[in-house]
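Sharing a structure below in structure tokens format, with a few things to ask.
To keep things simple, chains are lettered A, B, C and D as they appear, and every chain counts its residues starting from 1.
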């Protein structure tokens, strides 16, 4: 079974989940006429849009990197991918919760929900990667060992990191939200500026 | 006519139908501030999201398996595929009905609607498969006979099974809903754990 | 410029426009508890869903047929395609209007809006086809002349036909609505049962 | 890293952003029965739909042109592309604002938000192009120098032009809105009628 159709399906889910994020901003603006004030007031919606869009974009790019090292997929890999995509497609929901409630009593519940979602994205992403590499199960014949080790090293800490930020959010929701944003920006720049490119050919 | 473009269109519908499921969760949460309690209260929305996402993911994977055995498509096959996709794209609607009404008077109507939708997915899926294999009409020259028989054996009982669960839902909506969920999980694990892989190369 | 990327974009728009149709059914059901009665009452929503989904599916299949005869695209062809896709992506809106208003005073406005949309789909579809074939501008070297003539003959009357049904809808909205449905079913069966396949290889 | 998967993802976002525009028209119509009058009253929604759909279609076609000149992508290019797509996916939001408020007190805020969005689309589009061509970094070996210069010359003024229209909108919202529309139509016809085709093979 080749990897093509999985990529088409995955890219579809990534693209739709990212593009649906704008509906959350839409919901926030309401339908009243003083939109000048309102447009400034809903800044958390823009922040949420940017952070979640970047996060999905980075997941997409990383998925790209993983698939480049893989020669074929089996049924278990397909099912693990469905679990990953199920987590990614969930992201618009906690994004809206955080944007809507970061300034009221719901901030704790909202940021923790966001954190659980991101943790489960990180876990399922690790699951597809380590399932594929264990014993070279689905790897390409010519996969570069250094590259594979580099990917493993980069992805392994992600679940714990997201879990840690989730615990921070439990104590201080705004700090947690800021860390989710900082983390997305870090991934964005790290890979571009600090030579991550070498690790993936 | 090659199979490529049908796959692109089908993958698009599968990906969108699955990703739209999150809008149902969104609708349930409402816009009030006590989201902590609310987030726990809407657990049927999460269950519905998971079951329907997995179901669509499995249909997608099975469609993948079917297309791998097919060499070309004709106009009738295209039109039967449109009917399948029409049924799949309908899934978000009964999913929301079940999530919203499983705990009130509407449970019977909701689960029966879900069951009718799933039955019609199973019927149209069988239609494309048996149209393609009858007399080897659209099969690849080198299609493996054992694989083809394996697929036929696996898909044939699905419409009756979904119809049976629908009848169960008519008597006891919660039991029906639980069976739809169990059935999705069964397909997920069966194919991964019990060697279904052999049957599809 | 090759035809690949146009097909990906077009298939995306077709798939999304078709899948969004379910949101119209969703809107109709409302959020009250007597969903048993309500589910029966909104039958025009199901009819609208089926007719518009089939219509988009048929346009997709025909687009497929057209692209098979074309060797390359130029900028004008791309822009005409954007106009076609703009008309197709509009379909969910009049579909909802008809489903919602076919039984009240808005029936005339709703069905006429549906008709204008379908007429403009037919006009832009003809525009891309006749732009491509005039003087063999974008046709494949090996395009079969009989096939090309067959396609021209089939598509040419569509704008006038849809315009005629629109005029019928102006006089009798229910008759117009029924004719739009009958027309979609006709295309579905005609191509499958009466040998249209021969005309497109 | 090849350009294929970026194109699939980008085409997905373009297609979804364009198709979601219809939801804005849907929101405007409301659910009352005098839809005849209402359908005429919401003409700015249709105008907004047309202008933004054309704009996204033109961005898609231009992205196509750019990718044709590029041999490979690196991580920085992917991240810049995510920023471009983030701006494009934002378009439905200001489109709705303009359609809804062009005739009330919110016209200034709405058109300026539209202008900022378009300016940021133009900036990120320039970023991916000039990142790719600087020192021939990602260009194809056989990229035609005249074509590359032609593209650079065409895209470079766009950010300033959109910024200028945004400033006009600050003074006179209706004039700004009209200019956004005129600009989209200009691009549509310019490329089709005045031989822009030569510039891109």
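Quick note on the criterion: a residue touches a chain if its C-beta (ideal position, glycine included) is under 8 Å from a C-beta of that chain, and two chains touch if they have at least 3 such contacts.
Computed from a prediction, not measured in an experiment: that's the story for all the values here.
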Could the interface between the copies chain B and chain C be described as same, meaning over half of its residue numbers are common to both, or is it different? different
In terms of CA centroids, furthest away from chain D sits chain B
So, in whole Å, the Cα centroid of chain A is separated from that of chain C by 36
Intercentroid distance (Cα basis), chain D paired with chain A, Å: 26
Residue numbers in chain C touching 2 or more other chains? 8, 12, 16, 20, 23
Please give the residue numbers of chain B that touch chain C in the complex, ascending. 1, 5, 8-9, 12-13, 16-17, 20, 23, 27, 74-76, 78-79, 82, 85-86, 89-90, 92-93, 96-97, 100-101, 104-106, 108-110, 113
Seen from chain B, its contact residues with chain A in the complex are 7-8, 11-12, 14-16, 18-23, 25-26, 29, 31, 33-36, 39, 49-50, 53-54, 57-58, 60-61, 64, 67-68, 188, 191-192, 196-197, 200-201
